[in-house]
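To keep things simple, chains are lettered A, B, C, D, E and F as they appear, and every chain counts its residues starting from 1.
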């Protein structure tokens, strides 16, 4: 939240700069099973964000001392490609990506039935190919579908999106321009039943604004959940072309 | 030892810039058992140096290949807080702190009865919160008390201080200003019986000056030993308030 | 291959700047068994290149998870001393040295009878003390002799040298000046029987030029093989002074 | 295995206590441990604070030095926050560069300072595009007995509020107090079944389902939140925690930061 | 042990197929898998290409930024090539900085671009000795089903050929297409007994004796070669591979790079 | 366990020899192994020395390049000393950045050069505050048969005494010999019961109680000391070692450094 450096107007005739209503998500595109080597995978676009998630496991833990005797551990690695942002990013994790990886893992872990697979690991890898505000939520959405694609037993899917505050108004799913000059950002993740597994916030909000932001983000998550569910249903109703190396068979656009 | 860049006088009427006699230590303050999580701990001030030492162990060695079958290994990590020196120090160990850690470990190891605890480790951690010349000796003094506080069996305590040469004169326990512009620095550590376990020297000294420096430093160590001993006696004569989370109960000032 | 920045002539009366014919190697000097601690060792000069190779093993593998149950693994570490090149090199491996280590290991591994020593490792270390184009080939030559000196069972020796293109002409064993301003460089390594185990190329060559370069380099390798063989024969015919700490007993110059 | 068993037993014990509305150390669910705060102990730092939250002990040092601005904010000072979870402070901490727990801690502390606007970054510009003041906030954990977030955040703002910009040392005019415009305070609760417990100690943290940190400003706005640990939290619980967090933060602000 | 046994069985199987002149997926020995190439998908990059070689998938992004030249080439732009073998792409890849396989891949891709003279480095000089354009070629492996060398090289040249120098953004004039003067194409074969098989998949790579990559330019010259994997290769086999490599490269160049 | 047993047996053996006033290789207690010193072997370095101390072999290279001074000593050159204990030199050395043994070695070598005033740092200033000569002393261990300290220190001073400041290469006037104003020599003894043994080999080092390095200058002053290895040493033993160290250093200085 840098604060507005110059007077920009973020609304025109009640619409946002990209033509969206305040409570409207950006267009979403999902493909499941896009990678041959991974046990499960998902490519997702949310607006200009392009992310790809892969799941490997349950598999053996290396190094061994990380093993848990009563359950599987979950690892999550969020990584931005060098070319995904305006100024080239040095390859490899930075402090931000360590934090995003931690909270994303904690957003998914509660729904994974880790006790089914003691002493093993479920690895989730998310690569951001293009970033435009909202990569952590896009990554969690893709990872959730990839986990299902990998056949990892889960209590439910997890859906994720953010609400923000721009020009004094609470909006759903802020894009980069709104995020850079906006006044607050509240990414959440939740189950279809409304249990929240990720919650972060920066900026400045009153309690009432926070409440409005959570309501908006919740509604966004529910729309995303429907898309995630549909792409998985489509995928598994066409499973005649099964096999570890099949490419993208299901695609869903909003 | 940078050599004197401008003509500074380090003595006035036989006293040093901070009013000390040439053979006088800086004021010392000690508290034992200051940390709840550590098995033993000690906070120490020597002049403007503020250090804190913690001991964990004997405990299991990780990684396992470092285990010794006939004795405990001793590890020592000397670390300066970023804010402890004039110009902010990058966090983490540098070459100097690796050397200080090595010689400090070698100063304490000879008195630790490591053969009592085969295959285990005694970890000593020293954090420098403020530095003013003499942090390695302050760290060793604090670590020695913390080892005793942790109940690690030892042949004796170790006491440590430096002598230096300033304006042609041998002085005890040089402070930062004397160290920066002085002509030599000789830190030592020893048992109460006078067996030396740490000896370093830089600068330029004749054999006679070295002899004088060792004599002075030895006398300094003996004073420090008395303080260490007293704080431990006080600590253990008030042991009605025992328990792993008791805070600083003994304090000794000179 | 930087391309020629200024018009330099690399030939005078059919000879190269250092007086060599186009198909002539630089002077070679070899000493075997030059190190006391290593199981096998070799010092080699090829022109202004000065390299030293040591072999340790077969010995236990650390860390254990690198062990192979049916054979020994081979490790190769090519390292340039900081002072070996014009501008001081930062100590430690860089990207170039990782690649050189990989291709050098792959150049030697095919002749090492690794199946004799399951679960163990043969470590090859090459230190470049002075570099003048051709250090990887000099390193492989020295390493090959050091492996023999260590008694590692091998199908054959490996010999290595490069051909290059300078001023439109294919030459054997380019020196630094020729390499910097030359048009192509083709380092190879091979068995005495002509089986190629290393092949790299950069620059720009027609198929015919590549053929000529390989022929030249092959002839160079054969000459080097004779030198390697002779120094080893000499070494083992004087084995009355055997023992792990004997220094350089055989030396061969061309 | 025994660690797992012990954890289960401890969890059971704390859970049963909680059903009776009790905590192991007798505190009310929304009650903080005793807080002590000393500033200025580290003369070599430009600002410093030693915070004790029960037995949890954190030293925060602030150093202010001239340096280059970021290219996209040429007329703004820079805040760099780091947290060192040194192995002296807990048997669970290991030597080495900050792991994800240390990084998260530093970033949440940073978020409170940054998002509240506590430091007016534009006032830290010396020469636009060339030289600005860099404010290093170094959090040094000394004893981890739980709730490092609140202790570290409190130490950071206290150290900043008592910090001096060492202008004289760099021939940039006279020294002056670092201007601080807001007083963010972090308040952390853990969730445990249906209960919400503030200022958790290490035991409570280790058995909690999830944890929520809320950072509030002097005017009662929220300027940062962070859920950590896997586990679910409902909207209702969030609002409940936010309400109490605002109250507790206000008390801490008034009592220790004299605002 | 079972991995070793499986490898032996697979090797036997592939070997016997090969004796009959066959490959597991029915291709001819010198036949490539289906290639697909899309450029410009990453709007935030200055050039990008998504390459599919069968199921092998590689994304290459090119970023062009002003920076300092190397001191020994003050009037030349800089090419920096990096390859990330991220663990998403294969169960064999681990997180962390590039290992020797990733470094070799990046260096061979770099060699093709550099030695072919595809990029006129002197045209990338802005102010001699002070400021030049730095061309970052970032190879991001997404799915490793074999022959990363050819896929990555193809992605690199395709991304460069469609890249824009973002001059306007840095107030250095108008944007213009990155001038590309040659079109290096890498072609890789593995050797397997006496046979030579092009565009190997992961199984074929894992059982091959050795591997040879040949990079050729538009005029049929060779601008880079790299043998990798331990194993022997004869001069005759080298020449045979070079001959076919030139043909395949020509086909790829014509079909996908429109040269 | 067998290593431990072997070490005990070897210790016993060496101990019993010593009681008879003997060493395994027949030397007197204060006798050095044969020393050989060759300088200038590395043409690409600005100074170099190959030292053999018995079979211990060390190459030291000196490189002198222009660079920036430290901000607190703007008119002084810079000395940077590094020691590489490469795995070629001993089965006990591992690849990777210097560990504490290598760091200690480099710092003790550096201490001798720096504290003796051997290099007049002010004479290495080119433009105050901007450009000074940086003297890199790189110690490269080739064969560790004991007493690396003395071999490395001797190599360092010998390389410096024969080094050239490559001014012409940087258009800074004519090349000139690096001015060296003192000749520090390190002498190391190990203590073994009541005995003191100079120039220990690897076996003697491994069984010694403790070790003391004394660095002396041409005028017989002491400019550096370092006790290493855990173990006790008495004041008397220190004085005894210092006395012999001065003598040995004098001999080495006269014989090998022609001072």
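Just so it is clear, a contact is a pair of C-beta atoms (placed from the backbone, for glycine too) under 8 Å apart; a residue touches a chain by one contact, two chains touch by 3 or more.
Note that this is a predicted model, so its numbers are computed, not measured.
Using the mean of the Cα atoms as each chain's centre, the chain most removed from chain F is A.
The equivalent interface to C-E, defined as the listed pair sharing over half of its contact pairs by residue number with it, is A-D out of A-D, B-D or A-E. Farthest chain from chain E, judged by C-alpha centroids: B.
Annotation: 58 Å between the Cα-based centres of chain A and chain F. Chain D and chain F, compared by their mean Cα positions, are separated by 48 Å. The distance from the centre of chain B to the centre of chain F, with each centre set as the mean of the Cα atoms, comes to 27 Å.
Residue positions of chain C touching 2 or more other chains: none. Across the assembly, chain D contributes no residue that touches 2 or more other chains. Circular chain order, beginning with chain C and continuing to chain F, reads C, F, B, D, A, E (contacts as defined at the top). By the touch criterion given at the top, residues 1-2, 69-70, 95-96, 98-99, 101-103, 105-107, 109-110, 186, 191, 194-207, 210-211, 214, 218 of chain C touch chain E in their complex.
Of all residues in chain A, only 35-38, 48, 50, 52-54, 56, 59, 77, 79, 81-88, 91-93, 123, 125-127, 129-132, 245, 247 touch chain E in the complex they form. Looking at the complex, you find that chain E touches chain A at residues 41-45, 48, 55, 57, 59, 61-63, 65, 82, 84, 86-91, 95, 97, 136, 138, 140, 142-145.
Those residues of chain D lying in contact with chain A across their complex are 1, 4, 73, 98-101, 103-104, 106-107, 111, 114-117, 212, 217, 220-235, 238-239, 242-243, 246.
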